[in-house]
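Both of the next two complexes hold chain A, though its partner changes from chain B to chain C.
Coming up: the complex of A and B.
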């Protein structure tokens, strides 16, 4: 072999080795790219945009602390348009772009599209806030993790909270949207009221139904006013709920119903109704930065500080915490796994415990359902701006209110013991 | 009369008059310009926002509430003038498809402007104190505010009837509506009549927004809930007929109320059945315009 040929061979080998090493180094120092798919337009946008803010703050916080595995976190943000088909298209696009970690499913409608797709795309999909039962039942697969309470836990806990806080109310009724969610949430609420009534003597009347997007509730209000109930679960959400309160208040419904539990509008209703807020209105609560236990929680304090810095507003929506919590779960999983590979992260997250704005939370290994404390806030009118205020926050441990894990099988409430 | 029947009657009339307050301007502008203004609901929404901005969420009295509604009507009337000069005037001699597209674009523009100015947070306006209570009639709880809306709806209809059928101005408008060329040859200032009609119909939308805002959560989409029923009423009543629209609104209101009370499991269906029946039975409406086929 000629000396020149040997030298060429050495040079080529060195070049290949150096090139490979450079690629390796780049891969190790390149950002960890995480998909963030929320409803940023359409009717889900008021919720989705707030959740995205929470996720962005979580990414800022982790990057400020040096990143994950020594690498920066980069969010790849997409709009699922509150649409199942679009959530599928977004997930496929992200996977095609080499992304295997994503946050999505900010509402059940998008989660139902995303969840079954995760194994095929070899993705870890964090279901941020979809509470529909199928996600951890018939649609369950190992690649998805839900970071919010399911409907059974959420509305059962709301019912329990309402009856424990208002034991003097003996007759309850629900007004719910005529659909799967409305029927289920009213059923779960009513069952919990019956189960946790301190005296055991409580009556839950038949649910009254309305269209989810109805604008005229006078017929239903007349039925409620004519009933014997003095406690109400209101499953109508968004602007329809505010229209309901506008129409109901005038005919004296506030005097008749001593307590109302609503589906989750929270401060949205308070801001709109102001001094005309029902005096004993209970709501699903994701986060209230100035109320205990959130006020003294360091994760909550930092989230609030960063929110004010980012948005320049001092009254964040509770939905911000949902997006923040979901991101923290994924970051903690990657950190525990010391890897971004799908299988490693899944294995790490199955027994993961991490801190959120509402305290310590963990995943149930069997169905990847998050467990922790669920919070419920009570609000009423105030004489000072913004003319409504939160008076108290209570909590219910999700592990006391959750159905047994049954991944792969539909949820059937009739199979649960009373 | 049973308690339920009483409730259906009052609730139906209240809904019908709410529909009419929105539909009156819609049918007026169609009658005279032959343009179906898809942006009518958006101007209704702007009227509601203007009333909220001027009067706040808690009206001090029924007089200030009515005054604010009139201010909203005037403001939307001015917007009507601008819209006529910038958009509608250019559509008078073109195919009606262009008018539909243009007014649809106008609707999107108005909703975008409302989001930009007032944001997307929901707002709520309460009825004035004099009507912010209920009366119990035959065991049914009837909001006094809904009785107030019935009164306003009937008053607006009576005023329009008098204007259109008992005044020279109304007769001129009807003449222009029936045959603008002939009206012009007789010395009537047709462009002026058309402009005044547009302003009046927009002002009606603004007035409806100011009167009906205590009934609904205020958002940039608030117009959609009313304008759908208004379009149905205009079709059933006969395009351009205020009298027909009034009767159609009462019919739709009663049907909707009966549907919600007696067939609540099939909520919202009956009104579409009625619309389908009318489209088959009387496709030109209850009071068809001259030459309608």
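Coming up: the complex of A and C.
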């Protein structure tokens, strides 16, 4: 072989090696691309858009602090349209673009499409706010992590809060939407009321059902008024709940029911009802920046500050915190793993503990369910604008209210000990 | 020639040579077959969904465009197939996958027969339209209270099948493999529908659509023809749903509501209900708009709505009809010069 040929060979090899090295270095300094799939249009948009804001603020915060693993975080935002087929398409598209880390499942219907795909796409999927039981039961796989309480924990804790805060109420009833969520949440609420009643003497009456989107509640209000109950769980959400309160108030339901626990409308109901808000209305609370313990939590305060800066508004929705918390979980996982590889991040997240707006949270390794404090707020009317106010926020530790981990198996409440 | 026949003539596609048509279809099939090697997983998923939606729209248009009957609850048939197949795979029914597909189609056809016998005897479209809507609503209620079908949450985690052919097995668990199976199945269904439309049965469908009285006068059993068309349509829609379940791996109540029933109508009107290929073109255009606007939340709905208004105002025979008109005009100008 000629000397020139040998030299050419060395030069070519060196060129290839340098080129590969440059590609490697570029990959190491390129942004970490994270998929963010929320319901940005359709009926889920009011919730999904708020969660996205929380995620965007989390990304902004981490980039301001120097990024992750020395790299900038870049969100690849997609609209799942509150539709399972869209959520499947989005996940596949993101995977096709080489993205292996994503936030999605802002509602159960989209989470159920996304969750089974994660192993096939070799993705880490953070289920942001879907509370449906199947996610960490029959649909569980190692690639998914849920950063919100499940329905059993959430509505069991609401029932516990209501009976502990109102021990004088001896008879409870539920009005819930006619569907599996309504039936389950009313059941979980009622079971917890029975279990945590201080005196042990409490009656939970049969649930009354209504259409989730009903506008006329006269029949149900009549049934409620003629019942013996003086405590109510209201599983009807969104604008239907406002209609219910407007119709219920005029027939004296506020006088009959001494306490009402509602599904999670929170300030939406307060703003709509104003001075006509029920005086002892309890809600599932995601975040109230100006109430303790959020007011003294540095993560919460920074989120509020950044929210005001980004949106120019003073009253963030509690859903912002859900999107923020989910993003923080993934960032903490990447940071702990010191890697963006799927398997490394999963391993790191299984025993991950991180700070959120509601304090320290962690994942249960067996079913990747997030555990921490769940909050419940009590509101009533006020003489000052906006004519309603939050009077107190209480918390229940999820680890006290959660079912035993049973990944891969359907959740059956009848199998739990009373 | 009445107005409808005249619009049908206008709606004839631009390429009328059979050889050219066959060549275009062969090229399209080859392109679709090689799609897994060319497209990313997300786009491939949408190509698969478009093929399913095209068959769904063809099934609706067989009824509307070729028999003159309107169904406003066609999603009910789609859901029969989707939920049956989803449950059969999820709960491991002791049936071969091809048997499951066949049963799904048969169930769809039988439900159509039951509705058809009740509604079509009255021979007016409104009865059929109302009954199909009622079918969809009733199905949504039943599914909503069926834990085995996932209630409101939907039936998720549907496994993809392995098809046994005795001497060998066809493993469809990987997306690309199921996509190829889907392509072949869709091609066969489109071919079968094309044959139906162009056969003696299809001619009797058209005769009934044009003038039921005249058709009866020349010896066509109008009720039977309408019921047959409805059964083929319902069975095909159920088969489209059946093919979708392992593709999306989840079936939800989103597929059993009035909005889902408008999808085949939208695709048929967009592409052109007077042409056999119109619904296929409509489904492809609809997906393309959705895909290109995916980063702009809410824009796709506005665009599709706007385009639909334009189509109805400017080209009531849809995109295929418009193309046909343009081609004829170009040819005419060419002949003059």
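The rule is simple: the second predicted complex is superposed on the first by the 416 of 418 C-alpha atoms of A that agree within 3 Å, B and C clash if a C-alpha of one lies under 4 Å from a C-alpha of the other, contacts with A are read in each partner's own complex, and residues count from 1 in each chain.
In this section, contacts are C-beta pairs under 8 Å (C-beta built on N, C-alpha and C of every residue); 3 or more make two chains touch, one makes a residue touch a chain.
In this text, all values refer to a predicted model and were calculated from it rather than measured experimentally.
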Partners on chain A (chain B, chain C) - clash or fit: fit
Partner chain in contact with A:321 - chain B first, chain C second, else both or neither: neither
Chain B versus chain C as contact partner of A:179, first or second or both or neither: second
Which of chain B and chain C A:127 touches, first, second, both or neither: neither
Partner chain in contact with A:78 - chain B first, chain C second, else both or neither: second
Which of chain B and chain C A:90 touches, first, second, both or neither: second
Chain B versus chain C as contact partner of A:272, first or second or both or neither: first
Shortest CA-CA distance between chain B and chain C [superposed frame, angstrom]: 6
Residues of chain A at both interfaces, chain B in one complex, chain C in the other: 45
Chain A partner contacts - residues on chain B that touch it in the complex: 7, 11, 14-15, 57-58, 120-127, 132-134, 139-146, 214-217, 219, 221-222, 225-226, 256-257, 260-261, 264-265, 267-268
In the complex with chain C, residue positions of chain A that touch it: 40-41, 45, 77-79, 83-85, 88-97, 108-109, 112-113, 115-117, 120-121, 132, 134, 138-139, 179-181
Complex interface listing, chain A residues touching chain B: 45-46, 178, 208-211, 214-216, 218-222, 225-226, 238-243, 245-247, 249-252, 268, 271-276
In the complex with chain A, residue positions of chain C that touch it: 39-46, 49, 144, 147, 150-154, 156-157, 175, 248-250, 252, 254, 294-295, 297-298, 301
